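Each of the next two complexes has chain A plus one other chain: chain B in the first, chain C in the second.
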Partner chain A sequence: MSEPILEITGLNKSFGPVHVLHDVDFTVRAGEVTALVGDNGAGKSTLVKCIAGIHPIDGGEVRFNGQVAHIHGPRDAAELGIEVVYQDLALADNLDIVQNMFLGRERGGAWLLDEADMERAARETLASLSVRTVKSVRTPVSALSGGQRQTVAIAKAVLWDSKVVLLDEPTAALGVAQTRQVLDLVRRLAEQGLGVVLISHNMADVFEVADRIATLYLGRMVAEVPTRDVTHAQVVELITAGRSGELGLARPETATV
Partner chain B sequence: MTDTPVAAKKESAISDFGIDTTKQSTAEAVRDYAARLRGGDLGSLPAVLGLVALVLVFALLSDYFLTLDNVANLLAQGAGKMIIAMGLVFVLLLGEIDLSAGTASGVCAAVMAMHYVRSGNLLGGMGNTVFYVFVGGLIVAIALAVLMRIWAGAGFAAVAVVIAAIGAPPNPWIEMLLALSVGAAIGVITGFLVSKIGMPSFVVTLALFITWQGVILQFIGEGGVFGIGTQPTLFAVANGNLPVWGSWLLFVVAAGGYAAVVLGEHFVRSNRGLVTPPTPVVAAKVGAVAVIGALSTWALCLNRSPNDAVVIEGVPYVVPIILALLVIGTYVLNRTRYGRHIYAVGGNAEAARRAGINVSKIRASVFVVASSAAAIGAIVYSSKVGSVDPQAGGLNTLLFAVGAAVIGGTSLFGGRGKVFHAVVGGLVLATVENGLGLLEQPAAVVNIVTGLVLLLAATVDALSRRRAAVASR
Partner chain C sequence: MTSTPTAGARPDEVRRHNRTALLRRLHIEGPTTRAALATELGLNRSTIKALVDGLAETGVVEERVPRARSGAGRPSLLVLPQPLAAVVLAVDIRVEQVAMALVGLGGEMLGRNSWNLRGKAREPDEVITHIIESMRVLADELGVRTIAAGVSVPGVVRRSDGFVHEAPNLQWTGVPLGDRLGAALGIPIRVGNDAEIAALAEHLRGVARGSLDAVYVSADIGVGGGVISDGATLSGTAGYVGELGHMVVNPTGRHCYCGSRGCWETEVGEVALCRALDLPEGSPRGAVVAELRALSAAPAEAERKLAEFSEWLVLGLVNVVNAFSPELVVLGDLFTSLPVPLVKRVGDEVGRRSLVSRAIGGTRILASTMGADCKLIGAAELAFETVLGAV
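Up next is the complex of A and B:
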């Protein structure tokens, strides 16, 4: 088991009177896929947004590479190397793949962009992920399938030498073949040494790619266990009831790693 | 349950990944283009075909239509609205609209003409109160531009204040600069109201449309008119021609420059192994531009005077003006970070925001571009008629300009468009207006036909958009 790259301890987050996250502990390790599962409203997206700096945290500690990190905005997170791939993708349809991957961080001068450099870097990144996009990196995103768009969004996150990539339901809207494509990519990200967090409702996906499964139940982290140690049924129980035999709320000490 | 996706792995993984190619054959490029057309990405093709059809029809119906005199006249007539349309493309790219561009251009024309007519004494021309309100408005524009960090807007507004305050002597170049500066200042105000206050651009610019109409009337006075035809430079903008040698120089610079840039970039990219269109296609494009340019220059360098006493020859000044604006606009949209961000905001504002782009600044800035372009358009159309009256920029100026952009292929829904579209669309509308005028059709028919052409263009836009949405599923 590798060193934790992102370590969160005792994170609390409230929206007004609603206490969304209670003393959440969460660890992301480099080279591993950590699945973050939980029922609707369990706090998965809130946790991701706290890590990404979109929501300020009320209490708790975030350690990045062992150092205490203070994330006050999306820019801080990006500087640390934390990238989020949102469910709704955030790609501009009318731009091509290269333009989307470099959006907001174009290379070259403000008055003369370095298209050649960007195109080369985009192609290298896609190649390093063993992605062969249809025909050309100059294809407009509007001409891509859902899976290809997801691929571009993920590759965009990788382009920036990120250390941690958070994927919010990357396969939710995809068909079987496209899901396949994205899951392969998720696996390759981890093989490249990134810490990957995968939020998903699909247990088949989770069991296929995740090294560890972290379960949120009503804003509490009830279990964070290696995938091979749990069964499908146990995870479903953790999600729905917060406990499953030895695991979960009945034995809170197992929740801390 | 866990093994089902694994079984599907092999075939789907291969079928969904194509091969990343950088070069295509000419046949592939043609097929690609056809596929894009079928997919609903028509660009300016309908407008170009429409233009050809219109020219054929009018050439058959009127002997005078294709005479050199009329063609040159048509260019000068359409140039003003075409330039306003070029600026509007920036606004339309964000899916916004600037209904005030027409009357804003009228304000610029009125201020410019007043400066000439009153020998630089704007204070005397406007009267005390109006003058102070005018200068106050410019200062507000400076403040807003600084607040939004649109430095160019602040700079131009400051220039206008200086020219007004020191009572700069009448000089055609100062007057044109004044018009441009007032235009930029107007754009700053529009942009602020839309992007910072957050009103829909439709409402803001509709209100300003009426406001500026009142301002023009205030400046010129009921039934008044400012003649600028007596100022040789101002008059020459839309009525003068380059000398014959100058026309050929323009051709060499424009066509040569185009060829150098396009071919140079093509071979550099090709050598570096980047995505490039096939060489024959690029060469054909360059060749077509050179041939069309040479033929047009040759034709416009013939004597086109209807009577023998005077000689009229050479390319009209409006041609280099439009070419220059076309080059600048295209460069900004395609090659600069600013242009890239405009497309991004127009395509998906939320994605742009998450990518760290200052969306509200981009949104404000396009109105500055539109109003500044409108001011240049105002200089041209005022020059064409040689005077500025309270109707300047009113009537259907704005609708023609929006129409030109949309007919050319710029989408009203944002994200798709080029400055070139405004030129093609502007030519279509100028041809309709000119051709029907030659056939001695009444204004009623001209307006009805123009309206229907615009409706047709908007329909094509909406349908192609729907088609594109279906194709991307």
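Up next is the complex of A and C:
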């Protein structure tokens, strides 16, 4: 098997006295959808934010493409090719699709932006994902539906030639039909060879798109298993109890009756 | 396609024929000016006007003044097909997943969905139920009614009623897919072999556009082919042409599930590719694509790892070219991720070894540019074929 694109070993993170992530190991492989599941407060979003460079990590090693990487800020992550799509549709409402896709990384000289070039690139990217639901790339984002916004946010990752895309509950705020569209897009990203991490609470969604499932339980990574090897019930057990049969945390050996 | 040779035609038949021809042209080529329509269809300008007016009245097309002007005089009106005027359902059943889309007139994908097939989800009942449910969700979202459906299946399919005889990689046998979907959805359903459908897509909208004789070869888990001969799909008795993956190329090779030994599929299919790349069998598609992409950046390694694979590819393609004498062979699906120089080399080698290719001045071997949606697009076209006349 080829090397994982992103490999995290022994990651620790505390906020003051609260130890949020304990020795977390996590791998992302190119071309696969890895679902990251866990109960509220298990540390899913924190883990993603650590990878994205928003929270500095306290200890542990991050290897990207086999090389040790030091991520000190979102810019470092973006340079490596890690893109994050947040659950709250983090786009600037007052800007249009092109401006959002190029936000902070505009093309052109110091005095004049190359609008035509950016518009063309944005249109080509959306077309390559066969996203044709957006009428014009100059539509302000405020006029888009939730699903369309998520699509724009995900297309951004493709435009920047990202290697790893982290999606933090991309469908949490969407209706049924729009959820389908976004999940379809998620799968197609992986088929293009990107490493995709999907955080989701919806088990049906997870089983429909994920190749592997990683479960966090109270800040510990209790299992990282191929989807085909586990059942729905096992994953729910892992999320709620941290173990299921042979999977997950070891049973406390000192258990007394 | 829709024209039937008749001894004589009544005016209303002629009109219907012209109307269908015009719609087909708008559907495939997109917005066109009235003047261009008149030239290309060889019809009188007033005939075009009458047809377009009729279509505009029912909301199937819209007319607009073109933005860019060409030449002097009053600009000819641009005729735009309206996607929502006719929506069909396209379904692409693959071994690992099902993808579906609602496609509007003009080929625009209006909504889509896909899901993985694992274990029980692969059973025909589950797949059919899921398709029906998803279609309702997508159609409700758009507020449209679908008028036909096209389904692509990786197996042997009877054209007339969409009966799936055998889809070995899905482990389906004897599934009346067309009848069951038709009964549930109440619309005409057309089911076709996946490679045949992909060939149709390439012929109408892809790199084989304008080629009258083309062969499409694709590698998924299985290898299949579709043949366009003299501008139409070559189907053979009951429509079973195209099992190119089961040409025996290596009599001492691996056993194939079809009962034969050393089929082309066992040497150039996804499993063979995984073997060549040292990936475990059953790796997700994306992992194979990622590995191939990494290899594109390392030509020497690619050469070494894929040498045997490309030799088998050449061998099979020489047979295909010699048998069908196409001007173009389109490589689809997994083959599109092969390093570009490798495809070029394979093409050159086939040109050298194939007698027919030499005779017709070189058959071109190209990778498809449509990506993973090829079969969805083809399935939509299959559905449109039947209903364009009735829109």
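Everything that follows uses one rule, which is that the second predicted complex is superposed on the first by the 247 of 257 C-alpha atoms of A that agree within 3 Å, B and C clash if a C-alpha of one lies under 4 Å from a C-alpha of the other, contacts with A are read in each partner's own complex, and residues count from 1 in each chain.
FYI, a residue touches a chain if its C-beta (ideal position, glycine included) is under 8 Å from a C-beta of that chain, and two chains touch if they have at least 3 such contacts.
Note that the structure is a prediction, hence the values are computed from the model and not measured.
Visitor: After the superposition on A, what does A:136 contact: first (chain B), second (chain C), both or neither?
Guide: The first partner, chain B, only.
Visitor: For A:95, is the partner it touches chain B (first), chain C (second), both, or none of the two (neither)?
Guide: first
Visitor: Quick check for you: in the superposed arrangement, does A:110 touch first (chain B), second (chain C), both or neither?
Guide: first
Visitor: Looking at A:183, would you say it contacts chain B, chain C, both, or neither? Reply first, second, both or neither.
Guide: A:183 sits against chain B and chain C alike.
Visitor: On the superposed three-chain arrangement, identify whether chain B or chain C touches more chain A residues.
Guide: B
Visitor: Does the superposition put A:31 against chain B (first), chain C (second), both, or neither?
Guide: A:31 contacts chain C only, not chain B.
Visitor: For A:126, using the defined touch cut-off, is the partner it touches chain B, chain C, both, or neither? Pick first, second, both or neither.
Guide: first
Visitor: Please indicate which partner A:67 is in contact with in the superposed arrangement: first for chain B, second for chain C, both, or neither.
Guide: A:67: touches no partner chain.
Visitor: With the two complexes superposed on chain A, say which partner A:40 touches: chain B (first), chain C (second), both, or neither.
Guide: neither
Visitor: For A:148, is the partner it touches chain B (first), chain C (second), both, or none of the two (neither)?
Guide: First partner only, chain B.
Visitor: Per the definitions at the top, what is the overlap between the chain A residues touching chain B and those touching chain C?
Guide: Comparing the two interfaces on chain A, one with chain B and one with chain C, the shared residues are 132-133, 176-178, 180-181, 183-184, 207-208.
Visitor: Give every residue of chain B touching chain A within the complex, in rising order.
Guide: Contact set of chain B toward chain A: 1-2, 4-6, 8-9, 12-13, 15-22, 39, 268-269, 272, 274-275, 335-338, 340-341, 343-344, 346-348, 350-352, 354-357, 415-416, 468, 471-472.
Visitor: Which residues of chain C touch chain A once you look at their complex with the stated criterion?
Guide: 97, 99, 108-116, 118-119, 134, 137-138, 140-141, 279-280, 283-291, 293-294, 337, 371-373
Visitor: Write out the stretch or stretches of chain A touching chain C in their complex.
Guide: 1-2, 5, 29-33, 128, 130, 132-133, 175-178, 180-181, 183-184, 187-188, 190-195, 207-209, 211, 227-228
Visitor: Could you pull out which chain A residues touch chain B in their complex?
Guide: Listed in rising order, the residues of chain A that touch chain B are 74-75, 86, 88-95, 99-100, 103-106, 109-113, 115-116, 119-120, 123, 126-127, 131-138, 142-145, 147-148, 176-181, 183-184, 203-205, 207-208, 232.
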